[in-house]
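In order of appearance the chains are A, B, C and D, and numbering begins at 1 in each one.
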Amino acid sequence: SWLHSCAVLRSGELPQSKFFKPLEDAMLPAGSFNNRVAFITGGGTGLGRAMTTTLSALGAQCVIASRKLDVLQQTAGEISSQTGNKVHAVQCDVKDPQAVSRCVDQMEALTGLPDVIINNAAGNFVCPSERLSPNAWKSITDIVLNGTAFVTLELGKRLIQNQKGASFLAITTIYAESGSGFVVPSASAKAGVEALYKSLASEWGRYGHRFNIIQPGPIRTKGAFSRLDPTGSFEKSMIGRIPVGRLGQPGEIANLAAYMSSDYATWMSGAVIRLDGGEYLSMAGEFNELRRVTPDQWKMMEAMIRSTKGS
Amino acid sequence: SWLHSCAVLRSGELPQSKFFKPLEDAMLPAGSFNNRVAFITGGGTGLGRAMTTTLSALGAQCVIASRKLDVLQQTAGEISSQTGNKVHAVQCDVKDPQAVSRCVDQMEALTGLPDVIINNAAGNFVCPSERLSPNAWKSITDIVLNGTAFVTLELGKRLIQNQKGASFLAITTIYAESGSGFVVPSASAKAGVEALYKSLASEWGRYGHRFNIIQPGPIRTKGAFSRLDPTGSFEKSMIGRIPVGRLGQPGEIANLAAYMSSDYATWMSGAVIRLDGGEYLSMAGEFNELRRVTPDQWKMMEAMIRSTKGS
Amino acid sequence: SWLHSCAVLRSGELPQSKFFKPLEDAMLPAGSFNNRVAFITGGGTGLGRAMTTTLSALGAQCVIASRKLDVLQQTAGEISSQTGNKVHAVQCDVKDPQAVSRCVDQMEALTGLPDVIINNAAGNFVCPSERLSPNAWKSITDIVLNGTAFVTLELGKRLIQNQKGASFLAITTIYAESGSGFVVPSASAKAGVEALYKSLASEWGRYGHRFNIIQPGPIRTKGAFSRLDPTGSFEKSMIGRIPVGRLGQPGEIANLAAYMSSDYATWMSGAVIRLDGGEYLSMAGEFNELRRVTPDQWKMMEAMIRSTKGS
Amino acid sequence: SWLHSCAVLRSGELPQSKFFKPLEDAMLPAGSFNNRVAFITGGGTGLGRAMTTTLSALGAQCVIASRKLDVLQQTAGEISSQTGNKVHAVQCDVKDPQAVSRCVDQMEALTGLPDVIINNAAGNFVCPSERLSPNAWKSITDIVLNGTAFVTLELGKRLIQNQKGASFLAITTIYAESGSGFVVPSASAKAGVEALYKSLASEWGRYGHRFNIIQPGPIRTKGAFSRLDPTGSFEKSMIGRIPVGRLGQPGEIANLAAYMSSDYATWMSGAVIRLDGGEYLSMAGEFNELRRVTPDQWKMMEAMIRSTKGS
């Protein structure tokens, strides 16, 4: 895709990945987000950048917010020059409710309140839980859970005040449901975010708001992989259990996010969409390891099983 | 939408529905399914007809299959003349494995094996469970669970034989997870279908197959509503608890189905997508009934709660 | 039960509740917790008190901890004199990691590290989400999510250090999974707690630790009901949708908690047990409202449905 | 336990299993099931036999039913002589509704209608799905899903007719939710059973019935293991991912089943209890494989992660 930075196929992909080539071009009709304002936290890098790129290409005026203003500004400039639509960079540490409020003030001045909100900012790192201090715990949950809540409540209140409808989307993770060792603050906070969005899907429909969730599987972004797989050794074993045989691409998340945020999805609220090449179910299913059994071994096993029938 | 039969807004919709207007035009780029063959069970009516219409409009050659050949043929003719693409009608009772096999033979002759498979055929009716005979139980589970399995296994085997990849989609329901009284055979069979598709998402990725699920909320189709709400009195109470304030439209399911079956979703496998206007979570959340509390009552309640603080 | 304060049956119970009489006597064999130390947060009132009572009656030495030392001391004295086993009261605000650390120091001195840990302390109140300030949000999540994390991490680290096994239990709620409007901070924090416990079930098994969860449905305790149903008007509609036709009793939770914390459940880890009289599923199932249809109306509906067959 | 056949600890257990010794003695108070009749399908072998043993030891009169009358009779005799309470053997192929009806006739004559029903009969074998014929599919789903439905509906109708309350329990499996490759008919049918029981929990509470589910993890029974792990090579890798470090024992399921079927659990309906040593979550959680990282490697990884901070 001309929209997204080119991804060279890496060794480690499974043979079946040839059936599942990624397609990252913008999927929705041109102009789907004309006259719409989209607010994306963490929009300067990784998945946030990809979603901003797609929404911008589809006509949205975008506001991206995170801590590093320089990164945001560079991304904003690059996307804007690609798509021809304005992208605004606003500094904001989501874990600080006052910073969030100031950020929304700034946005109101720049673009008015948004039609599309994507809560994508997050922090994470791998660590055995017995090594977590209370501060390490809070360093993640404050961004992920409180940050998402502060952004959502602040925007929600102002939108309600203005009787304006909106689509809210949160980016969580496939381990929000099962939990996972070694990323425990992230798992807890993301599960909290899911409950927040599910709750508001029920409560704030009456104000014209929709709330939905994407749970991405593993996608190679600098932010995620440097803190989750610093040595790179985990990646291969991950790919080996992904039915589709490859990692995801940012543009694939972006297309799903654009759909969920668009007028084509006005009947979608409270949805939780896993996009992970099948990894989650493949891990969870007790007998999936039998993929390693060869056809000859199956023949032998069938004979053994048959001989127990009637026993 | 010119594609779907016009839906007059019915009384009973909630005020917030004005924020959530349905958009049923085909969402994907024209030609997204060019040179693709799609097989849709129950494609002659309701949601199956809508999905066929959208896929056909996007370039697919479609094969629709169910018991009533005349209904199928009429639908096939109508869609084909709308979209200019061939739609084939093949008679098939999915609960009969031999009929399924013959149907696939016919399809192979007509179009070759499909790239897109949608298991949408189903039966259902409301009934207190103590009134269900074993035959009544089987009349539903044979179609919904066995029928889906026979179609899926037959096509899967032939596709594997031919080393051809494909996207499988099953249409289930929001009560597959929670179960529901008064539609128990359907709830059980649909839950079985979900497990079938989740299982194969893990197992058959290696053959180039993806498996996904849509759980629709209430959409007024003749088939569903005549057997689930024969008196029409249930509909109003359903709408009252849908956060988005209205029923769904067939074209909304069709756009989601088309996306999930397309090359934009090659990284999606094992996903279960609820599209229901938020109804499921709104029912399930214990305190959602408090939507009936008025602003004045909230003030009073806040005062009462505050007085218990510190108690 | 002589163990639990007597509950007079209240009007509002449904006729079927006669089949489902509560039994609150301690279920496990006498002495099941002899030589065991149990630590229960929020053990001074409500469900925490009931669980402490049962564990104490079964032989455990208990330590109860919360903010109000006087309440704890009174409860400790009462239970101790009932059961003949020591109950210690330790002041602790779980949202303060230093207070948690001091509390565990105190416990180590009094009883040594615990064998059984029950995270039961929580806060909650009903409120429309647009009225929540960042502080109101944090007032709940700091207790429920951070508090549980601080207690769990502090105890976990010390137990690991001492190579001592333990059973951890968290008390969450039936709306942790679905979310719920009007109790959003609680829903989010409880979902976070569940992910924390699921995650550690996977990660800390190797250290001899089990982690499980109880999701209680509605049980009339002063703490919960004064803040969730201050007017008392919600209770009746709740009972009306509980299949078992009555609210739960604290001693019923206590027996389940004792089982899960006991040696009979050493193979249980990562379990999430809903104990709610069936309320959750009854709310969530789309057609459960048809319980209001009378037998005569069913006859009419069956006739109407039959007349659409073959259509 | 004197109640259950002695299990020699097998090599392959993990070191932490020393913290999690199985305790299979009957947990409930003696006489808990006095004057109660329990009906257990598949009660002649494996888990069904263990549950029958425990219920019988606690005072129940038991009726066990399956296809092999000789096996049933031998088990009945052995348990009866152990516990001193009557155990009746009744032949029944659950997939045949007429056989089910005759079996219940026989039971009515012998003991009257049951107070406790346990649907435990099942069939299963491992097999790649592309090798499944329609008959192979039906050979499993007919027993597991239809069989459970026929037993449940037949007993339910008669109990309702007689205004008698009862506790229903179904034994499913941890892969009912996630699905699993290579055991697909079982996964689908068990998911169907869960939906059936969840649905009836909502619908039949009004008749005095409770419905609950146990999802066991791996327990070495002849029936299960000969068809699921005929070579024995899968067992070791299974144990390696169970947080509790060992397989389960039949008596552990039996104690949970007895609790759920007892008067201590009258407020439990619609519960789904996983008892699996933590296996399910341990498989499902994306980063749980990091248990293989050594302390030294963690130190290195921490340094690498720290160096990316602020990047």
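Simple rule for what comes next: a contact is a pair of C-beta atoms (placed from the backbone, for glycine too) under 8 Å apart; a residue touches a chain by one contact, two chains touch by 3 or more.
What you see is a predicted model, and the numbers here were worked out from it, not measured in a lab.
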Identify the chains adjacent to both chain A and chain B in the sense defined at the top.
C, D
Using only Cα atoms to place each chain's centre, name the chain farthest from chain B.
C
Take the average of all CA coordinates in chain B, do the same for chain D, and state the distance between these two points in whole angstrom.
32
Centroid distance [mean C-alpha coordinates] between chain C and chain B, Å
37
Separation of chain C from chain D, taking each centre as the mean of its C-alpha atoms, in whole Å:
25
Where chain C touches two or more other chains, by residue
128, 175, 177-183, 187, 198-199, 201-204, 207, 280-281, 285, 288, 291
The answer for chain D against chain A in the complex is residues 125-128, 131, 173-175, 177-183, 187, 218, 222, 226-228, 230-231, 234, 237-238, 279-281, 283-291, 298, 300-302, 304-305, 308, 311
Which chain C residues qualify as touching chain A in the complex?
97, 128-130, 132, 134, 137-138, 141, 145-146, 149-150, 153, 156-157, 160, 175-185, 187-204, 207
Tell me, which parts of chain B touch chain A in their complex?
14-16, 18-23, 27-29, 165, 198-199, 201-210, 217, 242-246, 248-249, 252, 255-256, 259, 262-278, 280-282, 285, 288, 291
